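Letters are used for the chains, namely A, B, C, D and E, taken in the order the chains are written, and counting of residues starts over at 1 for each.
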Amino acid sequence: MNAAKKAFMSEKPSIYVEDLVIDFALDNAIFNKQYMRAVNKVSFILKAGEALAIVGESGSGKSTCARALCRLYQPTSGNIWLQDINVNEKKNQMNQRDYAKEVQMIFQDPFGSLNAVHTIHHHLARPLKIHHPSLSVDEIEKRVIELLERVGLTPAKQTANKYPHELSGGQRQRVSIARALAVGANFILADEPISMLDVSIRLGILNLMEDMKQDGIGFMYITHDIATARYFAERTAVMYVGHMVEWGNSDSVTQNPQHPYTQLLISAVPEPGIRKERTEMAKKAEIPLWKPESKGCPFANRCLKAVEECRESMPPVTQLAEDHFVRCYLY
Amino acid sequence: MKLIKNFKVSAGRFFKGNPAGIIGASIVSLIIIACLAAPILTDKDPNRRVARGHQPPSSELWFGSTRAGKDVFSQVLYGGRVSLTVAFSAALTTTILALLIGVTSGYVGGKIDEIMMAITNVFLVLPQLPLLIILAAFLGEVGPLIISLIIGFTSWPWGARVMRSQTLVIRQKEFITSAEVMGESKWRIILIEIIPNLISLVAGMFIGTALYAIGMQVTLEFLGLGDASVVSWGTMLYWAQATAALYVGAWWDFVIPGLFVAFVGGGLALLNISIDQVSNPKLRTGTYIKIWKRMKAEIDAKRKGVQS
Amino acid sequence: MGFILRRLGFYLVAIFVAITFNFVLPRLMPGDPVDALFIAAGGKMSIEQLSAFKEMLGFVDGPLWVQYLQYLKSVLTLDLGPTIMLFPTEVKLVLNNTLPWTLFLVGLASITSIVAGCMIGLYASYNRGGLFDRFMPVSLQFLASIPQAVTALFIFFIFAVTLKWFPLGFASNPDLDVGWNWPFIKSVGHHAVLPLVTLVGSMLATWVFTMRNAMVNILGEDYITMAKAKGLSDRRIMTHYAARNAILPVVTAISMALGLAVAGQVIVEQVFNYPGIGQLIIKSVSARDYPLMQATFLLIVLCVLIANFIADLLYLILDPRLRK
Amino acid sequence: MTELQRPLLQIKNVCVDYVTNQGNARACDHVSFNIYPGETVGLAGESGCGKSTLAFAISNLHSAPALITDGEILFEDRDVLKMNQEELRRFRWNETAMVFQSAMNSLNPVITIGEQLVDVVLAHKNVSKAEAIAKGETLLETVGLHPSRMNSYPHQLSGGMRQRVVIAIALILRPKLIIMDEPTTALDVVVERDIMDELFELKDKFGFAILFISHDLGLMGEIADRIGIMYAGKLVELGSAKDVLESAEHPYTKGLVGSFPTIHGPKVRLEGIPGSPLNLLETPQGCYFQARCKSCIESCKSIEPELTGLTQNANRLVACHVVHDRGASV
Amino acid sequence: AQHKQGGTLTVPLIATTFIEDFNPLNGVQADMVSGTMYEPLWIYNTIKGDIDYRLAESFEYADDKKSITIKLRDNLTWSDGQVLDADDLAFSLNLGKEDPKLDLAGQWANGVIKNVEKINNTSVRVNFNDVNTTVDWYLPAMWVVPQHVFSSVKDKILFTNPNPVGSGPITEVKSVKTNQVEICRNPNYYKADQGLPYLDCIKFRQYSDNSQILPALMNDEIDWGSNFVADIDKTYVKSNPDTHGYWYPANDLWNMYLNTRKAPFSDINFRKAFSMAIDRPTIVDLAAYGYPTAEETVVGLGQLHAASMDKKINKKYAKLATYDPKESTKLLKKAGYKDVDGDGYLENPDGSKIDFEIMIPAGWTDVVQMVQITTEYLDEIGIKASTKLVDWSAYDSAAKDGTYDVIFNWSATNQVAAINAYREYYHPARVGQIWHAGHGMASDELGALVDEYGVIDDPKRRQEILNELMIFTAENLPFIPVMSNATWFQYNTTRVEGFPTEENPYVRPVFYDGGTKLIVFENLYAK
């Protein structure tokens, strides 16, 4: 890790992901096991009080990144630094509970992320008990109410005694957020938190997260929807087949996309009243399966501007603006 | 207190509009209560001669006497205690084993899962009754305890597989991931997060195994592989058959234990069906269908009327 | 292909376990197994025969693994040897006399109950919530829950002993010549009725429920609605779209049901004096006829595995998702 | 799309109830509107507002526990609800085809694509199997799939390909109306864009009308001629796409439109709609939106607003007291 | 009486499956072969008390009692027409010399026979190693087989004899199926000139257990049953009283064998109390429908050997076999048995608990009930006992090794001579070999008595020896005689007549015994 980053990181709580690589075994073979590379050399920084959006098509490795950040997957290579601690390093490996206190996750499916057999109270009291064992029963009670009020689930007392099926999707998602808050995490990894919600209540959740961001919580916001990424996150990273192809300030990335893939993605977003011309590129939408031995730019086979080089090696990072980076031989 | 209320609520939900469940539960509980209350309901010792052999039912001997002169009524009640204990303890053993193996295998995954499932599948395809017969024969006189144990220890594979596949479904659920991320221990996740979600499956399995165990026990004892000196429904049938009860016209000697077994079996089966229906409401033939049919008929008639 | 190979491998393991089970059991018995083993043989065997027997059952001198290998060898070479209880009759001969009848009865009962059960289940699901749907499957299940010992004896007593409509035992009239002649075939049919009714009665409900529940689940699927929207006739939807998918759980249930069918068989053969493997296992067990018992057990395992394998193949044919 | 044209489909006062043990839930409440030949009508609204229910009603596809309790559905003046079984069977797919919410589930996993394409032809047209197969193959090509896919099973195709197959099946009889119930929600934007583009090419070619159901107002604004907004089983606003999106009248529509951040516009905090959707088993007196509405007035709590045209534009239908009061006061 | 020829007898056999095996030497299907295809040399008819000479015309011991000479009938032929003569007999007798498995009479194995000599075409002399006077009891168990068939057979046990050549009344195998074997008239039977046998054929039907015999009997499917049938009057007889009948003459004696090495059975007072505590007639009545005969004495011989008993001895010990709980209680009290811990049951004089098990194989349903009732009677005098149903093999080893508390079992009282029973009870050579000597009271002295019996032929000394053994038994009660079991015999005269009955008891109808079966068969004729 270079000194500059280190210095930067000690200012504010932050997580630095450095050259993260994650491979999955493709089959159960004992010999000649085949692997796929779900995430390839991804690096980014999460800062408290800021949101980083990760956008990309299905299967591009967004969730895998998030899960690796939660230590649900062991990285094949690369490091995750929490402040100055290398989280996965054997000698100072953090125990899951201590780590959990820093990083929490909320999920896409509001139906699946709460256990149907337990009350809302249970869902909030458990993290309090785990991470704040010194709290008395009354204090826990009080905290649960506070949390529910914080996420806008009023009247809190009644809500606490309800079961998940008695809540609507949006309310459930609020409970998930409250649970992350109960742990006291500084970072929340939100994996498509609104994609399964009703259109009418999506914004409520985004706004709630926005408020929490103001309170100093750092978000990693994973989404398909580049419009909400721009709406919510300061910074946006675009992923394609496990690679980060373009990242930087959300506005620069969305208003001035440079990588051909980002351009394709943004051109696909519907805009009321404008019937767009059909883009040529999309026709041959064959998404490659990335293997550890694959080389070149993963987008090369769909890219109209691809050159020989693109098939040979992954382009290096190019800094386009103060906070706008791209990996493409065009720049 | 809350538990009782919860129980009441869920019991209410379970039985509402569920005649099969109500009938099944009443039959089974009636018989269980009768067996438990045996000392109150009869003062006769099931192991003692109280009359001449094969006396027909009378006001003195409600269900007549066996060939050995024992009271069928007290035998069927006391024997029921044995049979039901065997059935329920076998079911308990099986359920616990299936739960442990299935959930561990499904949740832990990896090599442990592969090995456990290989074993399970092997046991699953080995036909059970021959296995039981051979085991019973090798173990010598098999009293109720042994029968319950061998049924219990040989019946778990199917359940384990069902539990495992259900666990795999639950494991995919994000509340499990979120518990992991939160730093819950594995055991707590299994016990507090996973198993409560399997409750209807566990209940169904318990009842299904109890049903199966009753049948197996009767079969083994009827074939003479059990301990004929212990009074149970299976040995009653065995003795009735050995003393040609049906041929001499002493139908009660055979029919009474037969009916008790049949009713418990049928009652358990009904309960099982209704558990299926509760865990999968699609399967339910609820009352709304009746209403729907009536309304549909009305509307069709109205449309026809308008048309003509 | 991979699927089949994997299943085959698995069945090999299962057979292996069954064989090992056979090997281990006599050794778990209290007392000296070899002694107990030959009570039934009385003084009929010579020392040489006795030692040949022991060798076949793996009771040779030396460490356990040597015994085990010896035993494996004799099983794998199908050297089943003579029975003890009918010494010196070959085990093979006894199995030959009984196995066909069991296969006939179990096979017929299984096929009948699967076909009839699926049809009843189909009909019930088609008339969801109707009178038939509400009462038929449940009543069948109630009947099936009565232990077979009870139903079989009742049926036997009423229809064979009292009413004399059906014979008291055997697979055919013993006076008839065995062969493909009409009186014999008729007699076989006549003798099979009561055992068949008992077996089918106890198995039917499973299939009715499996089929009905699978159908009910599938009828809620989008592709059924789509088929309806496509203007296909109800019949075609039921038989071609829904039933084909609903059959899959039925096929899965076969492995479970086969074990139970074998169980039913034992009682039914016993009560109706039907000359099959079920009786054989009871007899060999009570006579401590190890060679016969082991061979019978292995044979049953083998049959169940073969049937399972057929079910696997069927599944493969029916579910394209498994083909790779 | 002028009023002069004869409507292809007239939906008049249609009510659909779900019969449950707790009572009847009216998922479609006196909905009326027309679809004209060649037109694209969008239907939007939050989840559970009855969009799919209405779509099913058009082909009279409902089975227990759903029941069409009232209204008429006239397809070229024939009432779908009065057809007998055989008429209905022939009407379906011949006249209106349907593309379901998820292509994954609307294809039978154990039957080949080819068979699922062909059997609809065989069920409706008196042609030989070979002809039907030939037809199926051409259609696959039309939607951009290789004819050899006829022998594939659904699981062998990607999500986008499956959706194309479903569209091919919908087109095979050249129906006059295709109902599309959220056909692309499960897909990635790029694929979605691709399919929508193809669909509209086909529409230009064949000239069918589309009833397009979606959550996504952005997409709808791009493709629909007219948009209807539903809330709790009622149609609350109907008008041309431009009008509805750019100058929404009904507070619900306003909220909905305001729930979509845009990719290029200015970055402002949007507010969405407070509260949560209505439980259809506990409907209030008056306007169903009252509990979530910021501009709710007295009459909203007692009188049910009717879907009526605005004074300034009779083709803009809105069901809101506030809007009409304002309109009247103008 | 002379009867017309023709007709078929159908008899049940308990078997797993029938096979094509008619070898009398391996005994696979002995009941199909013995007495039917192969005749014995002679038959002891215990009911009439005489010898029915069959293949042999006579036998005679030499004066020195060191040999026996057997004379065959003249003009005997095998069923294939070949002559049956002394060569065949000598061949058959000699089989046991080489191979103990072929020693059906067991007289080579126990060292009795020295060698066998052919004297002439019809006579054979069997020479003994020592003096012996009992060989004739055992020789009927030996089958004379055709030398011309068996001499070329290598393994005489594995041989299945598919085309049997026999000497008996029926030899021609008509059909072999898994559940039925039909065997018909021997065309060269030596009694053919007397019109015997009257019946043409026997059909053997396979049944897998007792429970299937009753319906078959009731529905007239079989003519002669030899199986336990529960409540026969109400079932079988009632279903057609005109043609359905049974006769249950007494069979072997059943005893409760006590392990006299253990307390409390080591105490003769306890044993006596035990014997007087049970009501034999009631037990027989309740548990076995009254078919067996309750034993009235305790000398250990049973009804079959009533003729060998001594009235005076019987009378002297009769009270030990009589139900007298008061006397039992008194005896126990005197001997120091008290209920020390107040649980209602007596303890041993040394204070240890009495709680024993009466062992019986599971599945012997009628005797299991007898044991259960016995425990009830013991309960009445304050002795705690329970029924223990065990597996057959466990029973076998416990009985042989004498590791039981009490077992209920038969005795060797159904053999030709009474002395055989005592050999099994008391001969030290039998301890550990059989089930009846495990009580712990076999001794060399008693063994010597038994041995002496076998080498003398003085009837007076023989009776003295028997009396001595009877008194020993009654005085010491190493086992408690309970009842003489019944010979299970049901007949159906719908098609076949001539069965022995209580009125015409010409033989004890034991189907499983080749000799008596033959006598009955010879008397049967079609209606």
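Everything below uses one rule, namely that contacts are C-beta pairs under 8 Å (C-beta built on N, C-alpha and C of every residue); 3 or more make two chains touch, one makes a residue touch a chain.
Not measured: the values here are computed from a predicted model.
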Inset, instruction - Going chain by chain, each one touching the next, work out the least steps from subunit D to subunit E. - result: 2
Inset, instruction - Identify the chain pair with more contacting C-beta pairs: B-E or B-C. - result: B-C
Legend entry - Where subunit A and subunit D are represented by their mean Cα positions, the distance between them in whole Å: 33
Inset, instruction - State, to the nearest whole Å, the distance from the C-alpha centre of subunit B to the C-alpha centre of subunit D. - result: 49
Inset, instruction - Give, as an integer number of Å, the spacing between the C-alpha centres of subunit D and subunit C. - result: 54
Inset, instruction - Send over the residues of subunit C in touch with two or more other chains. - result: 128-129, 161, 270, 286, 288
Legend entry - Junction residues of subunit E - those touching two or more other chains: 215, 218, 363
Inset, instruction - Could you list which residues of subunit D touch at least two other chains? - result: 64
Legend entry - Each pair of chains that touches, named by its two labels: A-B, A-D, B-C, B-D, B-E, C-D, C-E
Inset, instruction - Sort out for me which residues of subunit B touch subunit A in the complex. - result: 172-175, 177-184, 192-193, 196-197, 199
Legend entry - Residue numbers on subunit B that touch subunit D, as the complex places them: 16-17, 286-289, 291-293, 295-296, 299, 303, 306-307
Inset, instruction - Spell out the part of subunit D that touches subunit B in their complex, as residue ranges. - result: 17, 19-21, 64-65, 67-69, 81-82
Legend entry - Complex contact set, residues of subunit D against subunit C: 56, 59, 61, 64, 85, 88-94, 97-98, 100-102, 105-112, 119-120, 123-124, 153, 155, 169
Legend entry - Touch list for subunit C against partner subunit E, complex: 31, 35-36, 39, 43-46, 49, 85-89, 93-94, 97-98, 160-161, 164, 168-171, 174-175, 177-178, 270, 273, 275, 279-280, 283-284, 286, 288
